[in-house]
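See structure below.
When the chains are written out, they are named A, B, C and D in that same order, and each has its own residue count from 1.
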């Protein structure tokens, strides 16, 4: 199939679908009409689009954890605990890493070993292996909207199964679930595969069923400059909208500087709406803020400090929802108690800040302006190299380093952009690679980093970057040489 | 002695001192010259004034816990733990409630029972009973500056003992350690007694020894409108300065609305400096922000949320230090581990926010203006009724309800002011009693509360106040009827 | 007939906020509340009870000294002729986080009819009080 | 003589940040680093080691599947003629918070010479590596 940013015909979709549903035996359990019937009966309080819309209207921020274990019963217990004890507003199902690579046979081994060992040997819930039936068991056992969260370049079968099971949201996108999550998957393939996932949601929309889609905002979660992640979020939003997706949540991962974080969230929402309007898409847009995605302190009390500060920023930025970390973050997958504790600290902070917003000082306005300007530089160039086609543009832009995600493992990523923090902790750019920024913008970044270098009495360089990556684990935002 | 705001003569001081040092046998252990010698040898890193000055210059916020148990060895272990494991920047010694009432015999019983029971039967460290020798043991065992924190209307003997023991800061003041802490102590007496404490510090200053004094900002810690606590903080600062105190930390207790809290801290610092200047005092002023002093959630994760949000506000307000709560706050006096956890969550948040400030949007400027205007209304009237004498003015002002602290137990407090939160969580005034505010200010408060009443579809009234008091324990800032 | 209760905070404890809220809640529930405020001695509780012929004594202690402050209160009540008077206590009764069932047992052993942990809502105490005093709801 | 090490992240694990930092730290410490990146199979580790005649294999696993991914690696090394090759592993090796000494024991039982918990600084691994390879500091 030729790559372009155009809504798939039903022919194209159903032809691909035959192959998709044959990728693993559980694919045969998916029946579109039966699934539509099932989804029509999902009550409002278990619908992602409905709950997000209500939160947006009320101006509150919802809290959502990450969680997933191998076996159905254990996973249900975990989710119920996060719902009842943790007071989560929205529930996730984190999918294991083998499923993300479509290695369903290894999932079977993991499932078997988990049963034997009496503990999860997988780092998530293998939804494809459990099939529609297993996924519905989970959905029916809980009382909140349920979303799949993963990192799957080819999530076609997974998407078919989870939506048919009543899960009303799916995280991911052609760029955000490929470049940070895979080494060898081409963008041509991941764009086509995510067009499929989005078209599936579009089909349900055409049947009158509202489903939510959420591109993954934080990308590598490591010093990603806001304009890079915002540009990619807007691209994935546009690609989804073209396939008929109507309910989109765009995301951003906390960088740590309050002004920059609030500015990034505001810029993202405003600019995405502008692009949706410009390209004629009617989208119900909400936002998600990810608490700190980088290294965490080992100490649980300190981790609570990081978690709470992320929650406060989410509230002040007016995010529709916040993705919650746990006090076990530094040591791996959390216990259910630690997971619930993370949600509770988050919700307490959100509730204390309910209704409070950061008023708009000059500094915030300027940061918003800068982020929008940079984002536009990137997006203009992507459209240009794609000769007007966004999908083609994305592939070309990555080849040319116009789109470039710091610290991503993919060989299709240029990896030439190097970010570092300025003296106030805002993420700036040290090496621009081929980012299509104006000289003025580049000089501005450079001047901010030089200011830091003078303050720290050292040269600008890679060691700053390493220090910044390790800083939060050591308790600080900016990696100063003397910490 | 006649009450007036005038520096005591040496005659007056030493005459009173004879009686003070005879109040309890340990008083005989205080020798001013020997104490001065001892204090001169206190190294810089154990000096409150020095460490506060350095923090102010660097623009960082220091973290200080509360802590105190009955027995010396246990208290030393506790403080060392908070220093080494908790990473505290400044150390406290919380004094027990019997000492605060000068009931030293009951302290003896408490000490004896603590030894027998193997656990502290007192809610703090009875410094008077332990005497200079005992207090020095504590000071010498630790490596940080040490401060007495209490709530003692007559702290004369206590102050003599702790300063002679090398403790370079003393919390308290004639109003802030009387009206919220006592039922029957007249302001005439507590002003004279705190003039004594301040004069003692002034004498040390004249001998070249710098000691810090810190009026207790939060008062009853319950919905105290910023202008009331700021007015009292400035009054206690002026009373201290008159007695020769040179190093003063003024404080404020978190109300919970970010803009109001930052505004209150900025207003306090600016306005205090203006008054010191106006009355010709040369004072090194620093500020302290108290994390939420009201009811806490029982759940420890939620408590961490409250603690971290207080820390973030302290950092954004640029406080010189922050007084730290613990995850055990709701259940009483914390274990040392819980206390350390509170400090660590606090320091993590402070460090992430290091160097970040809240820029000055219009809303913040206006809130600062409002608080300063209200504070000036109160202070003008206090001077007026005192016919220019601040000490006399304070007594008269409390009699007339010009000064009036919500929820204070003292019979010398009018208790007519009733505060409640507005729709954004800022503390406003519902019933003004005799607060000398202009009609314009009163109308403004009223309009904000009416806005809340409309939003909540109920009448303005005492139930709002009760709901607000209980709100944070239940997870919210504003006590809405449906929570 | 309206029942009278004596309400106060015992010892050197000056926590006034809860006291004011409790007073209001008890009044609204129909009790005649004699609020002796904060920092009350055992004698003040007993004298107020005798003077007002009260039906129950409600003691608060929020600063951890409850164990020392309350010792002998039941015996003093007995001596003062207040045999079998209802004695309630609630608050932060001891220093530090202790097992609640131990704390409750200790205070019941001291003669308190009901013992409440921190954070108990006024409604629960009022419900118990009505039951113990035989008041219909 | 400069020693060569093969560095990579095993299994379906795509955590690239630590890998890039480790590469830099090892290079700066004087090693010839063959970085095979993220998402590497056991075979990729072994092939790279044979091709470059490397002295040690440094495995990272940060997503909790380390136990499944590493099973049989030592035996495969033996079969490929890499008898006694140094095998290090570090990261978030298991799902959930487990007792570290148990985890270490399990991975040592699988034939790893050294096993590092999450949050270990590169310097510690480098120090051990120099010791194990007989490099003077």
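Heads up, the rule we're going with is that a residue touches a chain if its C-beta (ideal position, glycine included) is under 8 Å from a C-beta of that chain, and two chains touch if they have at least 3 such contacts.
Keep in mind that what you see is a predicted model, and the values were worked out from it rather than measured.
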Message: If each step moves to a chain the current one touches, what is the fewest number of steps from chain B to chain D?
response: 2
Statement: Chain centres from averaged Cα atoms put chain A and chain D apart, in whole Å, by 30
Task: Please compute the C-alpha centroid of chain A, do the same for chain B, then give the distance between them in whole Å.
output: 45
Query: Per the centroid of Cα atoms for each chain, what is the distance between chain C and chain D, given in Å?
result: 65
Message: From the mean C-alpha coordinate of chain A to that of chain C, what's the distance rounded to whole Å?
response: 54
Message: Thinking of each chain as a vertex joined to the chains it touches, would you call that graph a line, ring, star, complete, or other?
response: line
- prompt: What is the complete set of touching chain pairs?
  reply: A-B, A-D, B-C
Task: Can you check the complex and tell me which residues of chain A touch chain D?
output: 69, 96-98, 100-101, 103, 106, 109-110, 113, 119-123, 151, 180-184, 220, 222, 298, 328, 330-335, 338, 407-409, 462, 466, 469, 473
Message: Under the definition above, what is the set of chain B residues touching chain A in their complex?
response: 256-259, 297, 299-309, 311-312, 316, 340-349, 351-356, 358-364, 423-425, 472, 475-478
- line: Listed in rising order, chain D residues that touch chain A in their complex are 11-17, 19-21, 24, 37-39, 63-65, 67-68, 92, 94-97, 117-119
